[in-house]
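In structure tokens below, several structures.
Across the two complexes that follow, subunit A remains constant while its partner is subunit B and subsequently subunit C.
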Partner chain A sequence: MTSSTFNTGKIFNWRLQLTSRGQPLRLLNLLALPATGVLVFLLLWTVGARNIDTSLGKFPGPVAVWEQFGALYSEHQRSRDKEAAFYERQRERNARRLAEDPDYEAKIRDYTGKETFIDQIGTSLVTVMSGFLLAALIAIPLGIAIGLSPALNAACNPIIQVFKPVSPLAWLPLVTMVVSAVYATPDPIIAKSFINSMITVTLCCLWPMVINTAVGVASVDRDLLNVSKVLRLPALEHVRRIVLPASVPMIFTGMRLSLGVAWMVLIAAEMLAQNPGLGKFVWDEFQNGSSDSLARIMAAVVVIGFIGFLLDRSMLQLQRFFSWDKDTATH
Partner chain B sequence: MRWKKPFGTLAGAAIFLSGLLSGTATAEAVELGYPEKEELTFGFIKLTDMAPIAIAYEKGFFEDEGLYVTIEAQANWKVLLDGVIDGRLDGAHMLAGQPIAATMGFGTQAEIITPFSMDLNGNGITVSNTIWEQMKPHIPKREDGLPARPIKADALKPVVEQYQAEGKPFNMGMVFPVSTHNYELRYWLAAGGIHPGFYAPHKGDISGQIDADALLSVTPPPQMPATLESGTIYGYCVGEPWNQQAVFKGIGVPVVTDYEIWKDNPEKVFGITKKFAEQYPNTTIRLTRALIRAAMWLDENNNANRPEAVKILSQSHYVGADREVIANSMTGTFEYEKGDKRPVPDFNVFFRYNATYPYYSDAIWYLTQMRRWGQIPEDKSDEWYKNLAKRVYRPDIYEAAARSLITEGLAKAEQFPDFDAEDGFRAPQTHFIDGIVYNGREPNAYIDKFPIGLKSGEKL
Partner chain C sequence: MSTLLDISQVGMEFPTPSGPFTALRDINLKIRQGEFVSLIGHSGCGKSTVLNIVAGLHRATSGGVILNGREVTEPGPERAVVFQNHSLLPWLTAYENVELAVKQVFRKRMSRPEIREWIDHNLELVHMTHAAHKRPGEISGGMKQRVGIARALAMQPKVLLMDEPFGALDALTRAHMQDSLMEIQADLKNTVIMITHDVDEAVLLSDRIVMMTNGPAATIGEVLDIDLERPRHRLELAGDSHYNHYRARVLKFLHERHAKPGLDRSQRQPAPVADETVQGSARDTGKVVDAA
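Let's look at the complex of A and B:
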């Protein structure tokens, strides 16, 4: 099993080799060409945006989106000031009440104001990482077991193949109902909405990891397996010393694919289930239908893309760090 | 204000009694205790009439009561109602019909009550530009060439007939089966001779399109303009700012406001579960106090605070529409067509005319419309209507909240109905577009007055 990331990596390498005869060319490749690409894109965007009329006004160009970044940031600042005032008022109120009513258990409640754009980014990141880690905890052991045992592989294969292509939006209503039924505490420590998004993310990013791990484990070099047999390694030791190190590159390929899926799924899930996060931000702005809405949505799109890119890059770094097979860990 | 323990625990019982006992004796007896539940989450739909909740939060009225409230926008009315029923939300901005229908068991069954009516008026019916052009020849004109208002559905009837002749369904949007908008749209259509269709829940038909000339279906309020623009529906009835939004976007024309269909009609309510009110009596009274103060603030000094309210509502986590769109209706005008802006000072009423007092007769009007269109499939006695209204509408809680505000000098007695004399029924109301008089004391007699709709004894 190979993934599309390998192919693009190879093409890129090939291109690098073609132009790497001189330093200036390499510099051109690294800086000038991407910069040109971005500039052309911005230009096309600006021109295109001017020609698209929506019922909410013109489609936002780069300048409008940039302004919204500023507006979103100052909203965040204002909200922080309000938050400070909120805590101040609360402390005063608690003190007043304690003076009247000494039995009162004064406590400081969390700020009740709305999450700002920057808070929403944080929420989304925490959710996606929790869902992803939960999936990894399930998928990697499962993948190893499937990879080691052809019988288990044959048994699990149909289920994996059927569930793999399922969209998060199909899972979401089921997850929501089950979570409401099972997780029925009056005063939950972790918000239900968080659990809904997290489980949906987990369900969707489980499969690439299971498959890649299983393939990695199944395709461990015969020689290595023979070494293990000769040394008569016990089962656990066999996994630890031979199987895991040998399949690390594939496991990480699976994890990288999964994290990409997880991020996409999360935005959709937040949008549909109104769970806090960037997806909800986009949906709320769409519902508002103000003249700034499109620019704000576009700002969110840029941020979502940028975070997705950063997540992918950090997985790549991890992959490089852990992997002995540097060939699989290209761009 | 010193808190005395026995009074705190007795507050609930005392309030219950205040409905039974008469007069001033109970007024001073209750000293309001601290709230039992301090952290609350309230839901709302992005509509300008959610203003009392936003104002109570922003102006610190909730905090004054020791309540720490989180306000969350909800995707649609069903999600909102389910949230209140399953406890995810402690209370919410609701359609007047929702607590009534829930208590009755039409849709999800749950005992929901309302101690506070949120506003009067505030809705409009908008049609697409195409339909407007087709309606125009049938609308009488004023001397200056602008259409004479109110526009009746008589002008729409020939258009609907033409669509029917061509075999095309005439689709319109409203926001929820038990929404004010559904009943207002139906009222307006039926007053013009267009049949909006019956419900038959006992036969499993809850589409409300039996015998219909115009087919009504549900669309969430913020999506109305987009759905109209895409051509899925030809018109809709919705609250602000979604009618003004159609004008600003140039995609539709509001033909009539609900103020013209029924002057000063009760609109949204604040809904909580009966269980919540019983479990947290002080919290219930306190949140009602905060909402009353917010409503007073909104109507104070002849709407002087409205511009500030508009600024608050236009924030993206409340209504979020452009300021001028919200301002259009909130500050006493209504723009029907581009350039045809007319004064409607009472388009949004939050406090005056006793707007916040939960009148039984308001609940009964909704029940009569549910019966008229078959959501209540069989005959009910006048007593049944009154008893159900009394289960859902709770002027006793409102009275306790108002009286304590008066005692503390935060409000004046003359701002409220005379509680000692008030029986919860408004005097017969005359300002309907078809001239039919509504008397809440005689629901069955009222239902029989309509030319279109089920009458007593009739069953589908």
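Let's look at the complex of A and C:
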């Protein structure tokens, strides 16, 4: 299940080595070729976009999308200014009331303006990390238990195999109903839409971590297990000193795959759960249907891609930092 | 000297779909305190199984092993093992690898400074002090094996079990390691059981060489006492007639009387014999004198 990610990396690496005999060639490989790829893509996009007519006008080309990035950022700036002004007015009003009546208890009201694109990125990141961490908290101990016990593995395997391929969209209605029933407070501190999205993310990104952790734990080198036996390490020490460190590379591989799944699932979950993140942004723009909508959605697509890439790279850095096996922590 | 380790009537059967497979039968061997015993035989003859039974990693299906008057039923640090491929924990440094063993064995008996000193002492013994804080991935195969030996020695085992400890090393490194091992052995006088493929290694290091017949149902074919003065030096011994006599005895056993099926009988190549083909039927085990 992990081979595909690593194989592509290796092929890529091998090609680089084939042509990189000298410094200039390496520079070409590292900068010039990717830049050319991007340029060709932008060209194809521009040409293609001109030829696609939609009910909302022409499909946006790179320039239109670039303009929307600017627009989205200045909207964010304006909103921040408004928010600052709102709190400033509130502070002044409260100060005035307090001066008139020393017993007056100042009420601080939150700013209720619409979330900007950048706020939504933040919400998405918080949601995906919460869902991912919750999944990790469940999946890693479960994976260790399954990996240690062939009996538990046999018992859990059918469930894992069946639930693993389930789409988030299938889970979401169930999650929504259950959350509404269980988490029934009139004034929730945490928004239900957030919880719905988070749990959906958790349910979908649980499996790669469970499977990889279990495989890592079950395939610890027999010699290392024998070392543990000769030393008569007690069960807990055995897990802590031998099994866990030995399976760290596989655990991280699972975490990386899971985070990728989590980010993909999140966008869909947010669309349906109306969690104020990037998924909701895309959905709202789609419903909104202004002449800028497609360009704004395309901008969101690019941002989603970039964040996904950055999340993966961060996991890789974490893996490099924590894992003793530097060989598996490439690409 | 009295018997420290008594292997008596050990037999081993593995269940297979076509009925039980007898790997070992009637293994009888008494080992004295401080003795260096080599087990030699073709690959697949069950040498490692014998070692694993002594280590407690396998349970014999018949017979048993008695160490110091107590039956061996499970693995333990008093029978430390040096594995063929070092089996150091790759995420720990050389020092930490030894430390794990020392802490596990001596935690209750040693203070912290004593533990540190004992680890340093054992790394010193195998000449690894300079690389104490390197991880296995950063040191050579020979160095890893040294650390593996330091870890085993640091447990102060009653019997040190070595499973082809130098099998994966190149010839020069191997010779160097053998010299180091002899040096340590002269110092500590451990009781050692070592598995080897290498006739020269066996003769050079051992007090006794236990030669095993081919499997299935492998057993001890012959036991050869090596009566050579210690300390032994490989260069002096190369021309020594006793040494060459012992060497010839082992070679004859391995290549004439118990030639591996499929190998030419006249082929008298020196060990190691690295043929991994599956064993055929046992040959003329009846002729063998059980010298145990």
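Going forward, the second predicted complex is superposed on the first by the 311 of 331 C-alpha atoms of A that agree within 3 Å, B and C clash if a C-alpha of one lies under 4 Å from a C-alpha of the other, contacts with A are read in each partner's own complex, and residues count from 1 in each chain.
Rule of thumb we're sticking to: a residue touches a chain if its C-beta (ideal position, glycine included) is under 8 Å from a C-beta of that chain, and two chains touch if they have at least 3 such contacts.
Here the structure is a predicted model, which means the values were calculated and not measured.
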- Message: Is A:R296 touching anything from subunit B or subunit C once the two structures are fitted on A? First, second, both or neither.
- Response: first
- Message: If we overlay the two complexes on their shared chain A, which of subunit B and subunit C does A:P245 touch? Say first, second, both or neither.
- Response: second
- Message: Let me test your reading of the model: by the given contact rule, A:D312 touches which partner, first (subunit B), second (subunit C), both or neither?
- Response: neither
- Item | subunit B or subunit C, by number of subunit A residues touched | B
- Which of the two partners, first being subunit B and second being subunit C, lies in contact with A:D221: first, second, both, or neither? second
- Would you check which partner chain A:E83 touches, where first means subunit B only, second means subunit C only, and both and neither mean what they say? neither
- First (subunit B), second (subunit C), both or neither: which does A:E67 touch? neither
- Identify the partner contact of A:K229: answer first if only subunit B is touched, second if only subunit C is, both if each is, neither if none is. second
- Which positions of subunit A sit in both the subunit B and the subunit C interface? none
- Task: Name, in rising order, each residue of subunit A that touches subunit B in their complex.
- Result: 55-56, 89-90, 93, 97, 100-101, 104, 109, 112, 114, 180, 186, 192, 274, 284-285, 287-291, 293, 296
- Message: Help me check something: in the complex, which residues belonging to subunit C touch subunit A?
- Response: 55-57, 74-77, 79-81, 83, 85, 87, 89-91, 100-101, 104-105, 135, 137, 155
- In the complex, subunit B residues that touch subunit A: 2-3, 34, 38-39, 46, 57, 60, 63, 66, 68-71, 73-75, 79, 86-88, 222-223, 225-226, 229, 245, 249-251, 314, 316-317, 319-322, 325
- Sort out for me which residues of subunit A touch subunit C in the complex. 221, 223-224, 226-227, 229-233, 237, 241-242, 245-246, 248, 324-326
